[in-house]
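In what comes next, chain A is part of two complexes: it sits with chain B in the first one and with chain C in the second one.
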Partner chain A sequence: MAAPRVIVVGAGPAGTRAAEVLVAAGLRPVVIDEAADNGGQIYRRQPAGFRRRAEELYGTEAGRARAVHGAFSALRGRIEHWPQSLAWQLRDGTLQVERGGRAHRLDFDRIILATGATDRLLPIPGWTVPGTFSLGAAQIALKAQACAIGRRVIFLGSGPLLYLVAAQYVKAGAQVAAVLDTAPAAARRAALPLMAVRPSLLIKGAALLWRLKRAGVPVHHGVAPLRIEGDSRVSGLVFRDAAGREQRLEGDAVGMGWHLRAESQLADLAGCTFAFDEVSRQWLPRIDADGRSSVDGVYLAGDGVRLAGADAAELGGKLAARAVLQDLGLPPPAGIDAEQLRRSLARMERFRQGLAVAFPWPGDIIAKLSDDTLVCRCEAITAGTLRRSATALEAPEMNRAKAFTRVGMGRCQGRFCGIAGAEILAAARGEPMQAAGRIRSAAPVKPLAVAIEVETP
Partner chain B sequence: MMGGAGPLLQRLDELVRPSVTLAVDGQVVTALEGDTVLTAVLLHGAALRQSEFGDGPRAGFCLMGACQDCWVWTEQGTRLRACSTPVTAGLRIVTREVPWPRLG
Partner chain C sequence: MAAVNQSDVLILGGGMMGAATAFFLRQRGVSVTLLERGLCGQQASGVNFGNVRRQGRFLPQLPLANRSRLLWSRLPELLGEDVEFLPTGHLRVAYRPEHLAMMEEYRDGSRNYGLELEIIGGNAARDRYPWLSQEVLGGSFSVEDGHANPRLVAPAFARAAKRDGARIVENCDVVAIECEATGFRLESAGGEVWRAPVLQVSAGAWGGRIAASFGEAVPIIARGPQMGVTEPVPYALHPVLGVTTKTVGEVVYLRQVTRGNIVFGGTGHGPADLDTRRAKVMPEITLQQFSQLRRMVPAIGALRIIRTWSGVEGYLRDDRPVMGPSGKVSGLFYAFGFCGHGFQLGPGVGEVMAELIATGSTTTPLAPFHIGRFA
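Our next item is the complex of A and B:
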């Protein structure tokens, strides 16, 4: 009997650990990733010829980054690595992949989707003005290109990444104008009981705040962003502070983001059941404790399903691979204590709940955005247009609103407007956000060239 | 093409790398090996492209290949995502789409 074919999509922490377990069991998985090198976004590697040490790139996470990179390097020759390859459709046991302008059909017995996440964004007036980037982008510019996104950078959003990136900019010698957190200061105190399950992370967080304070970076809690100013480039940002005063900050760049948004398109195309996650206020594929989705043969791991961070992603990758082996009737992998992994993940899940309390998603800000705010960057659709689709045209949920307005129909396929769009639509209808549903995924999950060569078997 | 005065990005480190020249809308741009097309362009100016909907210039957004807001084209018409395309010697890009050939 031929060895079962297992595919892993994503070569970040979850995908790397999943592949490692499969290889240890004697399988030769195909590992598909869009990037040229492994590591995912969190442990993204700098290009050849760059010389900074891991400590400079990954800070306190340097040890973990090295371990994940090392684990992947040790798999070379024992996996089929497809870098710079886009998995763009998944249906009925077949994955469609574009690699170097050629189309490939890969049939599989089991597939682990470790597709990661992007920043979660909310629109504010002026967020398309050059100089405005996502928080993740600000970090990638630094990590992978040794560049800052501007001379004087304003960081806006909420969540751990907001403070991490700002502190990394300070450390790298960039000027940070301020950190603007939409979460009120009191929220962090309320979250302490939940977050106390991971004291080491609380200490790391405190260290970031200390670095910002020592550098004299103002940190504002409980802000409401009003607009990014500038015509052809960012000149400043206007916000309302916690006391209700309007303030203007000078700066030539804005890095903004609110936690993460799961990249779950392939799971959607595969037909996986989704459920609304009250913690992250977004729809996520449903999995069992080990990562089995509702579709036989499809497994999920990492931030594409749990949104619990890189170390949780490593554990989820191991558990998903273990589940694959179990479901194939193969012997359980040595050295993996599934019960302990599940317990660790449960603890990390509690911390994730704490983070959501400390740094809540500001749905109220989105509901109040002015009608002329561009919500959909790709198709330039405004909040007003979206609201009219809810009121005048009676769009009950996002897919109907998409058909009426083209919101989420553009080339990012709703990655950066879908969640905020649902908030606006639901608020206009006087309903909770989950009533607006989620934009259905469509293949290809990212734009392909019109002409790609089809591989004939 | 390159809106505003001066560059958007600022180099902080990794300054010692071989240089590479490319052409952006016919103008010679000097970059360093390992730079992406987005980095190379935004170290000289403040825009990558114009929005098709007339709402002004754009300069990328996510830098991880998800938002598709950094599209540029080779002079032959091949579309590139500037944030995930490394510069190569002799690369010639344009920041407006090359018109499609008329068929029939």
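Our next item is the complex of A and C:
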């Protein structure tokens, strides 16, 4: 009997740990990833020829980065690694992949989707002015290109990544004009009981704040962003501070983000059931404690489903791979205590809930955006157009609004405007955000070249 | 206690055919209620290619298509909104001499129906459209055809009908249809009841089930168009493009919207499911479309696609719709199963069905589409 074919999509912390467990059980999984090398977004490897130490690249997470990289290196030769490959469609036991300009059709018995997340963004007037980046992109610039997004950078958003990236910029020698957090200071105190389950992370957070303070970076809590200014380049940002005063900051770049948005398109194409997650205020694929989706043979791990961070992703990857082995009728992997992994994940889940309390998603700010604010960057759809689709055109949810207005119909397929769009649509109809639904995924997951070569069977 | 709702006409199905019929019935002052299971224009009417094309149609269908074409120009005035109709012209190309001959034969036939087509040679076509490939032997150009945005048309008809006094009931799942002495009685899953002496079934691919319940089974199957769209690029491909061929795998059709994206489809259909109401895009068909797109317009090879989609369409065995009065039940009318080419016909179907229902006859010949042809 041929060995079962198992595919892992994503070579970040979740995908790496999943592949490790599968290999230990004697399987040879195919590991598919869009990047040139493993590590995912968080432990992204620097390009060949760059010689910076892990401590410079990953800071406090250097040890974990080394461990994940080491684990992946140990798998080489025992997995089929497909780097720079785009998994663009998944259905009925078949994954469609583009690699090196060629189309590949991969049939599988089981698939683990460890597809990670991107920044969750909210539109504010001027957010398309050149020089505005997501926090993730600001970090990639440092890690992969060894450059900063500007000389004097304003960081805006909420969540741990906001402070981490700002501190990394300080360390790299960039001038950080300010850190603007939309969360009120009081929110963090309210979240302490939940977040106390992971004291080491609280200490890391405090250390980041201290580093910013020592560098003289002003940190504002409870801000409302009003607009990013500039024509061909960012020149500054205007915000209202917690006391209600309007302030303007000079800067030539803005890095912004509000936690993460799960990359769940493949799970959607596979037909997985989704549920609205009140904690992260977004729709996520539903899984059991170990990562089994509602579709037989499809498993999920990491930030593409749990949004609990990189170390939770490692645990989720192990659990999902263990579930695959169990469902294939193979012996359980040695050295994996599933109960303990589930308990650890549950603790991380409480911390995630704490983070959501401490750094809440500012849906109220989005609902109040002026009509002329651009929401969908790809198709240039404004908040006003979206509101009109909800009222005059009676669109009850995002897919109908998309059909009428082209919101979320462009290159990014709603990945970056979908959540904010749902807030605006729901608010215009006087309903909670989840009533606006979510934009259904369509293949290809990312743009696909018409010139792709097709192998003739 | 269930409410009872009475009108002159009940329409079952809020796609383009049902919504347009409701609109034109109101123009004639007839009271009408339209019941739609989901939202108007969500199925075949909303997911199709958007072709406002007459050339290539079954010739006896041209009177209906011509009548519809006149309405397309008047839609902004009739509906009070823009549905992105652009009379850009429609060009069908041929790659082989025998297909060019088919085009010439069609041109000679269509002239009798008032459709003037221009046959042009490959070099002349490339002079006019420099982006056409060397493989194009020639083409047939229909100057007054064009394209429109299918996502907008049926909902716009429904809104206009509603403004004019039609009752449009969405999210209404009809679970029982009965004939009574005075007409038809429809009941929804929510227990609401509607009555009218006249019923029009315009339920697309689902129409076959309803016709069968009246003892008029038709050979209809559900299939899904295989659609895709590229990233936007500067507006250059003005006419809608298609291919004349006898090989399904060579069929590709495309149009560029002024926004810049190129919408395409062809080379086959995918499966569609009447119960889940979903249709699949087959990745192998998408990839096959790529080679046919490059074959006709090589420059498209430099682009990327950003989205694919499908939807549930109803196809009759003889590739013609079911349209006209029932052969068995008085007061019952059909307009469904437009076999993937109903978009252009939509406004005309609405006007003709309204005329037929309101006056008992129509000046547009419908005999080839009568349900009795399968009896």
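To be clear about the criterion, the second predicted complex is superposed on the first by the 455 of 457 C-alpha atoms of A that agree within 3 Å, B and C clash if a C-alpha of one lies under 4 Å from a C-alpha of the other, contacts with A are read in each partner's own complex, and residues count from 1 in each chain.
In this section, a contact is a pair of C-beta atoms (placed from the backbone, for glycine too) under 8 Å apart; a residue touches a chain by one contact, two chains touch by 3 or more.
In this text, all values refer to a predicted model and were calculated from it rather than measured experimentally.
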item: Partner chain in contact with A:Asp119 - chain B first, chain C second, else both or neither; value: first
item: Which superposed partner A:Gln145 touches (first chain B, second chain C, both, neither); value: first
item: Partner chain in contact with A:Ala449 - chain B first, chain C second, else both or neither; value: both
item: Contacts of A:Val129 with chain B and chain C, given as first, second, both or neither; value: first
item: First, second, both or neither for A:Arg400, with chain B first and chain C second; value: second
item: Comparison of chain B and chain C by chain A residues contacted; value: B
item: Partner chain in contact with A:Arg91 - chain B first, chain C second, else both or neither; value: second
item: Touched partner set for A:Arg411, first chain B, second chain C, both or neither; value: both
item: Partner chain in contact with A:Leu249 - chain B first, chain C second, else both or neither; value: neither
item: Partner chain(s) touched by A:Ile366 [first = chain B, second = chain C, both, neither]; value: neither
item: Overlapping contact positions on chain A, where the chain C interface meets the chain B interface; value: 379, 410-411, 447, 449
item: Chain B - residues contacting chain A, complex; value: 3-4, 8-14, 17-18, 33-36, 39, 43, 46-48, 51, 53-69, 71, 78-79, 83-84, 86
item: Touching residues on chain C, where the partner in the complex is chain A; value: 39, 46, 151-152, 155, 159, 230-232, 259, 280-281, 283-284, 286-288, 290-291, 293-294, 300-309
item: For the chain A and chain C complex, residues of the former touching the latter; value: 89, 91, 94, 96, 103, 105, 379, 393, 396, 400, 403-404, 406, 409-411, 413, 442-444, 447-452, 454
item: Sites on chain A touched by chain B in the complex; value: 34-35, 41, 46-52, 118-119, 128-134, 136-137, 140-142, 144-151, 172-174, 231-233, 252-253, 263, 374, 377-380, 410-412, 415-416, 446-447, 449
